[in-house]
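Right, one structure below, let's go through it.
Letters A, B, C and D mark the chains as written, and numbering starts fresh at 1 in each.
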Amino acid sequence: MHAVLKINCRDRPGIVSSVTQLIFEAGGNILDAQQHREKLDGQFFIYVKFDVTSLNVSQTVFDERLSALAENNGYIWSLIYSDRRKRMAIMVSKYDHCLYDLLLKHVYGELAADIPLIISNHPDLENVADHFGIAYHHIPRGADNREAADKQALALCSENSVDFIAMARYMQILTPILLDAYPNRIINVHHGFLPAFKGARPYHQAYEKGVKIVGATSHYASEDLDMGPIIAQETERVNHGYGPSDMIRIGRSIESKVLAEAVKAHAEDRIIVFKGRTIVFD
Amino acid sequence: MHAVLKINCRDRPGIVSSVTQLIFEAGGNILDAQQHREKLDGQFFIYVKFDVTSLNVSQTVFDERLSALAENNGYIWSLIYSDRRKRMAIMVSKYDHCLYDLLLKHVYGELAADIPLIISNHPDLENVADHFGIAYHHIPRGADNREAADKQALALCSENSVDFIAMARYMQILTPILLDAYPNRIINVHHGFLPAFKGARPYHQAYEKGVKIVGATSHYASEDLDMGPIIAQETERVNHGYGPSDMIRIGRSIESKVLAEAVKAHAEDRIIVFKGRTIVFD
Amino acid sequence: MHAVLKINCRDRPGIVSSVTQLIFEAGGNILDAQQHREKLDGQFFIYVKFDVTSLNVSQTVFDERLSALAENNGYIWSLIYSDRRKRMAIMVSKYDHCLYDLLLKHVYGELAADIPLIISNHPDLENVADHFGIAYHHIPRGADNREAADKQALALCSENSVDFIAMARYMQILTPILLDAYPNRIINVHHGFLPAFKGARPYHQAYEKGVKIVGATSHYASEDLDMGPIIAQETERVNHGYGPSDMIRIGRSIESKVLAEAVKAHAEDRIIVFKGRTIVFD
Amino acid sequence: MHAVLKINCRDRPGIVSSVTQLIFEAGGNILDAQQHREKLDGQFFIYVKFDVTSLNVSQTVFDERLSALAENNGYIWSLIYSDRRKRMAIMVSKYDHCLYDLLLKHVYGELAADIPLIISNHPDLENVADHFGIAYHHIPRGADNREAADKQALALCSENSVDFIAMARYMQILTPILLDAYPNRIINVHHGFLPAFKGARPYHQAYEKGVKIVGATSHYASEDLDMGPIIAQETERVNHGYGPSDMIRIGRSIESKVLAEAVKAHAEDRIIVFKGRTIVFD
């Protein structure tokens, strides 16, 4: 069993030392440690993953020590123990490529998360859920019942102790009901290279503009459509011979890739959001 | 010696046949032939490169035959003989990376063009021009003398029989004086992934937005800044550790690459512009 | 309905013209035409895809004309009508990632082929076949019954009018029984960047060597293991932090990609094999 | 001014803590810290870059403390102060692309090294050295005077206090005279994707094999030609239309890139060699 400690504070000497000493004295063994300084802001970030099976104090005691250290030094921190695997809900519409990709990567053990349920505004993909043995909930969602639908989805997530949500081409704008319940814990995939080509039919926009490269972007969902913190991006070369349908075909591949990359990073607690940008430790 | 024939017309049977037969009957040997159909517009494009040393008729006769064929069939066409290498002017400001890259690729024989002169609004890079034995013209250019400067540049280009211009990070918006004299024959490089990050300081924009990939774009210059037809694009992966200066460093590499790719394609007559997009045969 | 005509001959004037005229006179409309000259060998290759619904002669008459033209000019040719979709068998072992990828791309309509059956030397993936509604045949295969197993597989392929075979990580060396029945029509995927890392455990080899990029290769199967003509390759960046298991994970993605790319090209009749290399028209 | 401390030891708890505490107590401020565990070998590596301007002890005292800590814990360590920029010699033959690339990146401040001299077995590139204001030494080198030539080169390197050497397409196999004087401090670029295509004319080998991707590799030079620890690799897509000369053209770009990447990493002390592989911290 391990834990991930993430700290954010003003940059100054002694941060790494204070944290690693705390862990060492408690008997923890550091498995991975990364840091980042945001030079323009004078801000310091640290990510430490450590083995807790060898801790010589209880988690409660360790948390108290950490809390005291953080208070003395002005650290903003989060500490997550891996005693419980994260639980991810998948929201999906009718396109199945991101869904298959996540479910297969889950089977291969690539994602540090369990998937207790799939929520969709359409009944179409229930057979995919069945094939992988995952519960499928059909919640119709139209212009007139967005809030009710999101409340229903939220209730399901709560019942299933869901930690975060992957929108695998859900194609719907969430209401604050879900967004506020899962701040920076809902991952969306946009089928375009943000910040270009926001909104609808981005591949058609890309075709009209005559771009030579198309992209896809995964990001935390926010109320501003397609504007939340970017987590991962991927591009692929196209040329004049690619019509919108070819771009959509290529898009399936890169959308799946960026969504899975973001889900993997989130599930492994490797992301910090700061000033609308993400720090993604690797 | 070869010639490049490019034709654009409504799609229908017999186009390729009519053109290749014309060439064959005149004794030409086809070296390369490519075509493209723009399905959404029902438009057909053909590119044929053929050896003309074996022509059994004069260029004048061949041109007349081609002209008659085109008139009968509604072909829009251009025919360019390679008896004369294209001549390219380079416009540059203070950044030298695209300049070095073009001059070296010229030395390596990668560009089907001669470079009779370099024009700059600053005196700084004259030593680079000297090193490669190319004439350097310093034409100061400010808010108050843009037109005069462009007239002077145009006069130099005319004197030197310049066919097209590469803006190797010239960092100036051209007036119609140059743009109208060289329509779709002035190639600019934008240090950002268009259509995102138009205008100034695109790498700073990219940093602020927290993108995970940066790009560069070469395109034909137009009066709308950074809006002309895109010729080539390139992207490179970045992460949270890349500040603006790192993006600028990476940018040097991809800017050079897309500009040279566009210059190469233009010099080899492989580009057709249609509806604001480019068809770049390869 | 369309047809694909591929021709291979010594390079000389008039080839494109003779072929396109033949098609035009028979009322065919050229949809795509590409050519390639192998300079070092003086060899010329042409690929023409044309609409045959508008043909003003029967297929028999057209074939006779083509045959006569080819004989007069020394053309080696193949002509394939699309009146019948190609039929592909998939051979698979226990790894399912390439299998899922092919089956999904088939559902999305990306592959110009039907998939009448899946053959495996293990029973494990039958449920995947069931999910996609495809027949699954389990043919055990060991050191002592390779030929018998291949005969059984060949019989199944014959019964199902199979045109070509995709080895989706089949992990077995085929005997001439299958290889000779399907020359240059069996596509294998090797989980390494050929010609480096032939044979077993290529990712472990790559790890031991400390490479910074891993690759995957799809190629026509041959008796020399991993030595047939290469169709597609893909690479992905790794670093010292990637152990063999990470390379295997990345490999799943690039193996799927190169196999699907090869299958797509083969199904669309876009490949010519010449001197152990492939020409893949696009 | 900063210092880079690299440590290598058996993995166990307390390593990071012990090192960061040592630095903190001496008043140093950690600028960057990375670590790597080689799971298969149970080996642990740490890289710490720290500001030494604020040290409250002398370098001598700090070194003593570090030495004592390392001895007690079995750390293999190196500590390099940046009070003196590294000095790099460039060895080059007749191809100038890697040379230009390194010299320009030096001008742009991308390489943490000075370049006191260029050594070549040909006189051709002296004008490039002149243009950049760097001393050029022509040392002819044939089958009969390799050792003498390397002695002469070594003497020049010694006189110029050279720390490491970049072989910018030097195209010569070094003798132990140089290799032993600069172990893991001579960086070569091979114009092929190692371990495939070792030896001469790798692009011709790649063409013959019909690969769809070509690569370049930078590595530490060793007596086994093209077999030293790999530092960086890069690939680029090709197709059947690329003859050897096209591959050579593409090669210029990727060779320059991998060599500069390796030089940058080495100059910044970010590389550890272990079991013939490199750990390249970033």
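Going forward, a residue touches a chain if its C-beta (ideal position, glycine included) is under 8 Å from a C-beta of that chain, and two chains touch if they have at least 3 such contacts.
As the structure is a prediction and not an experimental result, all values here were calculated from the model.
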Minimal path length between chain B and chain D through chains that touch?
1
Between C-D and A-D, the pair joined by more C-beta contacts:
C-D
On a CA-centroid basis, which chain has its centre farthest from chain C's?
D
Roughly how far is chain A from chain D, going centre to centre by Cα mean, in whole Å?
37
Taking each chain's centre as the mean of its CA atoms, how far is chain C from chain D in angstrom?
42
Overlap residues in chain A, where contacts from two or more other chains coincide:
241, 282
Please name which positions on chain B make contact with chain A in the complex.
36, 39-40, 193-197, 208-213, 215, 229-235, 239-241, 243, 276-280, 282
Complex contact set, residues of chain B against chain C:
12-18, 20-21, 23-24, 27-35, 37, 54
Can you tell me which positions in chain D touch chain B when the two form their complex?
96-97, 100, 104, 108, 110, 127, 131, 241, 249, 252-253, 257, 282
